[in-house]
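Multiple structures follow.
In the two complexes below, chain A is the common chain; its partner is chain B in one and chain C in the other.
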Partner chain A sequence: MTKRLAETILLLGFIGIATTLGLALLKAPSVSINAFESPEAQRIFYWHVPAAWAAFIAFGFLFVGSALWFFKRSNLGWRMHVAGAEAGLATGLMTVWSGMVWGSAEWGVPWDWTDVRLNTFGLLTFLAMFLVLGRQSQPDGVETRDTFSTFGLFGFVLVPVTYVATRLWQIRHPGPVIGGGDSGSLNGEMALILLLGAISFTVFIAGHMLMSMRITSLEQRLESIQEAMDKV
Partner chain B sequence: MSEVLLSLNGVSIRRGSSLVFKDLNVELKTGQLVLLNDRNGTGKSTMLEAAAGLLPLEKGEIFHHGELILDASGRSKRPSTAFGLTLQSDGCVGSQRVEEHILNAVDLAGGRIDIDAWLERYNLAHRRHDLIAHLSGGQRRKVAMLAGILPGFVGDKPRILLLDEPAAGLDETSRTLLVEDLLELKQRGNALLLASHQTDFSNCATHVFNGLEFMQNDANVEMSGTQRDIKATTHRTKPSFRTGVLLNQRTLSTLASNGIAGFLTLGILLALVDASAIDSSVIQASGLFLSAAFAAGLVGDTMVPMLHEHGALDWWKAHRQGIPHSYIHALVLGSTLTALTQLGFDEQVSWPLVAIGGLLTATTMAIVRTIDLATSRLARPRAAFTRILTPVLILPFALLVQWVTDSNLL
Partner chain C sequence: MAEGMTYLAVAYLGMLIAIGLWTWTVFSRSNDLEQRLQAVERSIDTIEPEQE
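On to the complex of A and B.
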């Protein structure tokens, strides 16, 4: 069971996400046709918001891992950095892609270059892409880890900026759906499906990151064995 | 009592996945020549690069002339007395002329000496104006070696000279001359750290490194050499700025890379956008007029890939007196592109916007260059996908365009 823990958690996450999608499409109440240009497209937010939530968790993991490697030279920290970057890329792309679909339906354009939250979130996803692709292009070593951890630490500045962006500079992106005052309130059924989505995505990235950390650990073991064999 | 010129205090250095040095404590004093001649993979180059302040430290501190130049927390300072450096990878750019690289090394040391005699001595006088790319491997090594030893002849103050395989690929005559020069450098009070497997240096080294400390060299034979009277004059031009301008003029790299991106953007805009439909009061006009300058800056500084050749970037970084750049060319290019874009769509040119265009190209280039330099420590810096991060510049560009529109600069 312990060996299959990551796979089990990942599977539970998938099932939860599939259930959320099913409920979002079939069970969630429709929004007022006067409130949105494209009311049916609003259902995408049951995917978009939990994916964004999971992305923030992944980026947080990336930051903690980067700090642990950079300041403590912790191998666990480096594994967290790798896992956070990979999970951040996956959930970041899910968020950006679903947001663009909704933007096309609601605003008529998939992207607004002047909207702070869209752009800072896009940048976080690009940062995760840079960290994942860049790491794969380099041999593992202190130089690689130091460089990418530095970017991980600097990139994290974008997380609070992105989080508060719709509160400070709401241009086009809708305001927060939770904790955003009266204008952002949800009815009970909507909130329940959204909560299920948030839990499912959290479980999904937990499984994803556990699996990624195990793979990185195996890579590190393989490398140390190869180095020992080089010396024979 | 001899003055300590270089000290590594409790230094631990990691390279790749292995710890090369752990708690290393060594001191190099004036008039000492320490030979690092251990087998391959024992950290000779690592020690030299660490002494030059090029490698981050896991632990410990490095001092030059009693001044801290690098510690484990990342504190770094430019040494007040410049040192000589020959890197294993030569450290010179192929597009530089022979005399330019050697004069850079001398100027970085804070004075100008006549290099003719040295070029003559090492049979490089006839190659003085040649590009380094046109030299043979051995001749290029001589240039790198001269750039490492000549700072030791500038002025009366003893210096640290860090020489990594300075005689690799050199013929026997050149090696004999080099031994004579090293002896004179030693007599002048310089402190030399020399990594080499050549047996030529066994007799002139005062100490050898045994992996843990500097040991007295039993094979050292005190040889008396003549000490030449070398006059040094002061020289004020900043070598990094001069090199950036010279390399740009010679290779036209900024025009060929940034310029092409800018002109292509301008060409596409002229082909696709109807000039009569442009209203200069709206945001699209400002964005349109600045697009070519922005695209030119996004290419980054062509000096960075050029300096990756033969480890030249490390050579410049070690001296901590600036790294050659293309900012002046970016400023001119961005201004020109903005003026041409305006003329392509409008009959009038807004000069404030032309200036903003120049600054936009230079600033964008500077940010991309910073990202490129931040990844220069990687084993494969050119494979690091740094351009994925350039979208970070789009939001500031959008805000600039908004500001230009609101300010009625058009």
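On to the complex of A and C.
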């Protein structure tokens, strides 16, 4: 039942993402050629922003899961931690990669080491990578879970810093287009496609996290059966 | 202009293929684990009557 639900949510999200990208390419209005070096590349925004949004959801999930494991010793919390780290890594990479493609076209360089938003988000993605690869290389146990949960808890500090970075220190990354006061510059059609993208990515990442939690649960069951058989 | 849109279409397609592959690996990991679990449970079922 859970498997079917997770698979359905995942596929719905995937279809939504494909639709968003189709609309972004064919329907979204063009931007002023005077405002951008590379106006066509601006359409990557319909991928980049929803992917970053999904990454924040995943990091939030990771934080809650880490806290549940660390303070309550909840197995559900550990499964949430694993799912949040995997989803955070995937969506973080999507965001970084799409940002670098746009940066190359618009700025002439894919990365700016002086920009706070870019660097804090990059660090978050590295944190997720450390958690995913670290878990795969360590034997599962209370100490391992405690260590990785601590990183999940403290690493979350980077999420609000990343969010406010372009409001406090606007260096190279563009300022907020939504919720940024008068500086917002989205017309109705653009906002609608962006909203569809945000919903699709949210559904997609929710499906992925449900699937990932199920996989961790199956791994734990298999491991406990094998341990019991070894003892016999 | 047209060249830029072609690059963008290729980038979009690449990203869709990447997330499609990621989704596929998740599906196959889940199916693989399910099959392994079923095989282990079946082997336990066959061992238990023998022991009785």
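Structural remarks
Following the convention adopted for this analysis, the second predicted complex is superposed on the first by the 229 of 232 C-alpha atoms of A that agree within 3 Å, B and C clash if a C-alpha of one lies under 4 Å from a C-alpha of the other, contacts with A are read in each partner's own complex, and residues count from 1 in each chain.
Criterion: contacts are C-beta pairs under 8 Å (C-beta built on N, C-alpha and C of every residue); 3 or more make two chains touch, one makes a residue touch a chain.
As the structure is a computational prediction, the values presented were derived from the model and not from experiment.
In the superposed model, A:M229 makes contact with chain C only, not with chain B. When the two complexes are overlaid on their common chain A, residue A:V101 makes contact with chain C while staying clear of chain B. Look at A:G122: by the touch rule set out above, it reaches chain B but stays clear of chain C. Of the two partner chains placed around the shared chain by superposition, chain C is the only one that A:A90 touches, whereas chain B remains out of contact.
Touch criterion not met for A:V157: it reaches neither chain B nor chain C.
Look at A:G141: by the touch rule set out above, it reaches chain B but stays clear of chain C. Overlap of the chain B and chain C interfaces on chain A: none, as no residue is touched by both. Of all residues in chain B, those touching chain A in their complex are 14-18, 56, 58, 374-375, 377-380, 383-386, 388-389, 391-392, 394-395, 398-399, 402.
Of all residues in chain C, only 1, 4-5, 7-9, 11-12, 15-16, 18-20, 22-23, 26-27, 29-30, 33-34, 36-37, 40-41, 44 touch chain A in the complex they form.
Interface of chain A with chain C (complex): residues 3, 7, 10, 14, 17-18, 21, 24-25, 38-41, 43-44, 47, 90, 94, 97-98, 101, 105, 204, 208, 211-212, 214-215, 218-219, 221-222, 225-226, 229. Looking at the complex, you find that chain A touches chain B at residues 73, 113-114, 116, 119-120, 122-123, 126-127, 129-130, 133-134, 137-144, 146-147, 150-151, 223-224, 227.
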